[in-house]
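Both complexes below contain chain A, partnered by chain B and then by chain C.
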Partner chain A sequence: MNRAKLEEALLPPVVALLVAVIVGDVLIISFGQSPAAVYRQLLEGTWGNAYGLGQVLYKATTLTFTGLSVAYALRAGLFNIGAESQLAAGGFAAAFVGLALPAGIPALIVLPVYVLAAGLAGGIVGGIPGALKAKFGAHEVITTIMLNFIVLALLNYLISARFKVHDTLHTAEIRSGALPRLADFSGPFHGSAANLVLLLALVLAAVVWWFLFRTRPGFELRAVGLQPEAAEYGGVSVGGVWWRAMAVSGAIAGIGGLNYVLGYKHYYEEGFGAGAGFLGIAVALVGRNHPVGVVIAAILFGTLSQGGLAVNALVPKQMVDVLQAVVIIAMATAVPEVRRALLSVRGAGRGARGAKPPQDARVPLPASRVPRVPQ
Partner chain B sequence: MMLFAFLAQTLRIAMPYLFASAGGVVSERTGLIALTLEGYMLIAAFCAAIGSHFGGSPWVGVIAGMAGGAVAALLYGLCCIRYRANQVVVGIAINLFAIGITRFLLRLTFDSSSNSPRVGGFTESGTGFTALIQNPLVWAGVLALPTVGWIMYRTPFGLRMRAVGEHPAAALSVGVPVQRIRWYAVALSGALAGLGGAYLALDQHQFTDQMTAGRGFIALAATIFGRWDPPRVAIACVAFAAAETLQIQLQGAQLIPSQFVEMIPYVLTIVALAGVVARAVPPASLGRVTE
Partner chain C sequence: MIRLTGIDKSFGPVRANRGASLDVAAGEIHALVGENGAGKSTLMRILSGMFQPDAGRIEVNDRDVTGWHTADAIAAGVGMVHQHFMLVPTLTVTENVTLGAEVRRGMRLDRLRAEGEMRALMQRTGLEVPTTRRVADLTVGEAQRVEILKTLYRGARVLILDEPTAVLSPPEVSELWRVLRRLRDEGGTIVLITHKLDEVMAISDTITVMRQGETVGRLKTAETSPQEIAREMVGRDVTLATAQAGGSSVQRSTAPTSSGLLDVRDLRVASARRDNAVDGISFAVAPGEIFGIAGVEGNGQTELIEAIAGIRQVTSGSILLDGQDITRTTVRQRGDLGLSHIPEDRHERGLILEYSIADNLILGQQHHFTKKLGALDGEHVATNARDMIAKYDIRPADPALPARALSGGNQQKIVIAREMGGGGAREFRVLLAAQPTRGVDVGAIEFIHAQLRAARAAGKAVLLVSADLTEVLALSDRIGVMYGGRIVTTIAGAQASAEKLGPYMTGAAAA
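What follows is the complex of A and B.
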């Protein structure tokens, strides 16, 4: 990665965080508190002790899955707004399988079964909009949003009508395959929900990186994302890439459901996603659709989510929800703006030195060649 | 009498959809995706409750609601018209922002995490037909989509709006101020959706956390299912509301689980987009503000 690319990748998140800090100051002062005290509390409550850190890692794990899911689809030029319901479908499938499995099988043996079930459920929910896009040209943004409502309503029906434990809104606990928490290895983490699904998230991030940047289908997927017509001309089946990308994207989000089912509560409950699917869009955006960036961004948003609870005694924890939204808005606005600003600065620099611009001078691309999705 | 009660309840449920989808039509027909309706309505509902509470009159609430919706829409416009940010990302974020900021301000102003105190509305109570026709917002809601249709098809501004939505480059080449039309349209869509939010808050006499509960997305579904055409959109709104009413009235009978009735608007929208019956084709420049 050369310097120009690095600047373009890192400037927008820095700008976005600065804007968020300013908005945060305004909110904190409006509540009559000192920003310094609140931010210190936020850091101490998250990274200052093992319990807080464990909670951050737990939240970051789910966000890594949903962020990877959104980023993967975006690399193919598709917006997956459905991670919320794909995550829930994956979690439900895992809980369902967990009820059917006999008790006492070692986790390592049943883990693949869980991954398969959650991935399949999420993949179906993601694959439907993909197929509708490939076959009928139905816009995936609208179909994934609508499917969110449909799938969540269906799952709520299944829970309330069939699978709930009496007087609760959740299923019975799975009988085997629960994974150890970090607290089982290291005492200070006691009480926090971080668990070994964390490793699964990191492995998956590595696999996604390898697939996207080191394999031929990954290259084809990115080619479709940059310029579908050109990819088609180059012999790629664009429709095929679209629906497979959405199915895989859904599967990644679905596997994220294991974090809750295998590592934390061991059951599925109503309101499963709790917004992690939508935050996945933010994670992918801030992580610039790169698996490494996604992991870092997931930790950032995990810190913010947990930080809200840490500062709740001083200011309402909803402040953090506002800040997360501000980060997304500022980031989305800064990405095209920073790109334009950098282009004009570099252009001016060359002009000042009186050098003739090279043939491939970085002039703004014509509108038709600008990828619709910020990379 | 049964029929009257049914119609009254249908109209009452349809009201926020009619307002918000009028905003949705205006926004989408000029090329701006209306994912933000939910956020506009939520912010507007909060502003309406504040306005009615501190202003002492529901009319102050209505104006505050419209202003709140319009300000939220101008934020969307600032990002997506002025800075050409991605509409889907900003749209989702504005909805998240609306949830967060209304909760925060609810704590700040009323020190509550769930609802505002009771605020004055246009009618004291009751859900019957007489209460409905005494509410001026109901009349405004019935007229919202016809008015938008009249503006779009019978005025120069409407012609320009449609031109901007279908072919911005062509509109620009004949001297239409494309960006300015988009600014007007986005503010109008926010104010219209804002009326929907104000209706909700004043009808329920309070603001409650996340009180829009997905209504903005049902309005978006109606906009798409009605193929961005005001009369069809109005029919879609009323049909979705009628299905909900039917479900509420038949609750005792347990014919269909309520969750399946909830799905109806969304399923129909997907079917419409996939073009199984009559294909819904969005305005050509939807989602791309390039000029």
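What follows is the complex of A and C.
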């Protein structure tokens, strides 16, 4: 990556964070606290001790999954707002399988089964809006938002009607396949939720990177995201890419449910996602839809989430929510992919051509590349 | 009357104007010529107040008006007619013309008086348009007249027109020239932005030539030649396509018209707006033949090409490639059978502007650059890029640069290299060339025309669609004219001329 490209990738998130810090300062001062003290507290409560760090890593793990999910769809030009319900569906499917399995099978052997189940469930929830988009041109922003309500309500019904342990909102514990926590290897992490699903998230990030940037289907997916007409011209089935991308995006979010079900509580609980699906949008935006960026952004947002609890004594922890919202707004304003996805209300590959900007305004050329006639 | 001196204007790192200047006397038709990207439109947008210059001075009627805005320019009688119409399709002609300068009576619009003013204006200028019709129902030529009326209605005495003939048929062009001369003779001043030399010669009194953001020449039309203007534009001698049109320097085969390499039979294709955008077209293109399709844009050419390429669904009829029915095959299958396609809009279809030159050079052939597990063969992509960049002289010669960073001509070379260069072990037999030289510089036009001729010489079948009649005339062995979704006539290239084709292009004559 050359310098200009790196700058283009890094500048918007850095500016967004700066804006957030300024807004944060104003808020903190308005609560009668000193910004320096609050930020110090925030850092000490997160990176300052092993427990805090473990909590950050746990949160960052789920956010890596949902962030990758949103980023993957955005690379295909689609805005997946449904990661929240896809995550829940994946978690539920894992718990469902876990309850059906016999006890005592080694985790490594059943892990693929869990990944498959969670991915399949998330993939179905994501694939439906994708298919509706490909077939009828239904805008995925609308359908994924609406599907969130349907899927979450359905899961809540299933839990309360069939699966819940009496007087709780969760299922019974899975019978095998629970993964060890970090605390099992290193004492200081005791009490924190971080677990080995963390490694799964990193592996998945690497796979997504390889797929997007080193394979032919990835080449075609990104082409559809940038210029669907050109992709169509290049022999790519745009509708096919759309529904597959949404299905895979849903599957990635679904696998994220394992962090809670396999690694932390070992059961499915209503509302375990706690907004991680929506926060995944922010993670993808700040991470510039790049798997490496997503991992970094997930750690950042994990830190903020956990930090909100750490500074609760000084300022309301909702202040951190406000900061996250500011980052999202600033990034959404700056990132072209989002604008493109939100502006595209086009049907499946055809429809009226939009107005075009004047030709000379379309492709600005750097001074060193002013058009030259071959000699 | 108008004097621009030392105008600098940059957009980010792009220096669109560097010390550009312009002198226009009152009551003349002044042609501002230069290749695409020479900075003509930018300079005129500065004059009309849309852009503010970074440096330099603008004088109108000996008054320093540097840095004025559109409203000031209109008040001073300087108006610009843009290349892309800015009209509201659902409003009538009068409503569009008076929009923003409505005639009111109290709170209400005075339609009667507006109509009266419109009629007076039309009479004075000779620009006739049905005033009560909705703009959506007008032809392109009429819509352009509405644009000009709109500018004149606001009291413009200086009219700037940006590439006004791009969408007009030959009779509409002559009509426009008549109107412009009349405006001039009544004391109006006209600045015409164009890169077509025959237009410059036909209509202008004086000429300013721009190259790479600078003003490089001032000429009097009566004392110059197209060759001289072209030399100023490019900075060296060029061969002009016009010089060969109808001449003996072009070797035309007298190819048989049956049993083509590409065979289109009774094809019907729908567009978003019309069910019969292509309305029963049949033709064949033989090996070693260039079949040109002339016609005003929007008469089904786009739909025809897209249907043959496999991007658009066919309603009925069939398409055969060397006798094999490809009507229901995919884009990819057609490509593998030897169908290449230079699309009409390289920014929308032909290139992925954010992708590198190397990646763009495999678009549509990516399945030939794949290893195990669907992984792209990076080495193969790189060697292909190196070969193509060298063979087609794509500049800058850096395969990692995004296509966005290249000039129009070099972008089009990427498309040509990919479609004609035989990369990915794909040898084409039939070439669809839609607007192959649109928006590229004169040097690249030469190159592209040579490529098309070489394809013909190598026994390929070429279907050429172009809005540039000169180009169709210069290259085609046979010419079909499209109007209203049909080929209304087919004429041998050697016997065709703009005068002969014109009536068919407007639908005035039928076969």
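By definition in this document, the second predicted complex is superposed on the first by the 333 of 375 C-alpha atoms of A that agree within 3 Å, B and C clash if a C-alpha of one lies under 4 Å from a C-alpha of the other, contacts with A are read in each partner's own complex, and residues count from 1 in each chain.
To be clear about the criterion, a residue touches a chain if its C-beta (ideal position, glycine included) is under 8 Å from a C-beta of that chain, and two chains touch if they have at least 3 such contacts.
Please read all numbers here as calculations on a predicted model, not as lab measurements.
Which partner, chain B or chain C, touches the larger number of chain A residues?
On the superposition, B touches more of the residues of chain A.
Looking at A:G235 after the superposition, I want to know if it touches chain B, chain C, both of them or none. Which is it: first, second, both, neither?
So A:G235 only meets chain C here.
Could you tell me if A:A161 is touching chain B, chain C, both of them or neither one (first, second, both, neither)?
first
Need the overlap of the two footprints on chain A, from chain B and from chain C, as residue ranges.
367, 370, 372-374
Quick one: in the complex, what on chain A touches chain C?
Touching chain C from chain A are residues 214-217, 219-220, 223, 226-227, 229-235, 237, 350-352, 355-356, 358-360, 362-375.
Quick one: in the complex, what on chain A touches chain B?
27, 30-31, 79, 81, 132, 135-136, 138-139, 141-143, 145-147, 149-150, 153-154, 156-157, 160-161, 275, 278, 281-282, 285, 316, 318-326, 328-329, 332-333, 335-337, 367, 370, 372-374
Hey, which residues of chain C end up touching chain A in the complex?
Those residues of chain C that touch chain A are 10-16, 35-37, 41-42, 82-84, 212-213, 234-236, 272-273, 309, 311-312, 330-332, 335, 341, 343, 345, 347-355, 359, 363-364, 366-367, 369-370, 373-376, 378, 393, 395-396, 404-410, 439, 441-444, 447.
Using the touch definition up top, name the residues of chain B that touch chain A in the complex.
Going through chain B, the ones touching chain A are 33, 35, 75, 78-79, 83-86, 88-90, 92-94, 96-97, 99-101, 103-104, 107-108, 113, 214, 217, 220-221, 224, 257, 259-260, 262-263, 266-267, 269-270, 273-275, 279, 282, 287-288, 290-291.
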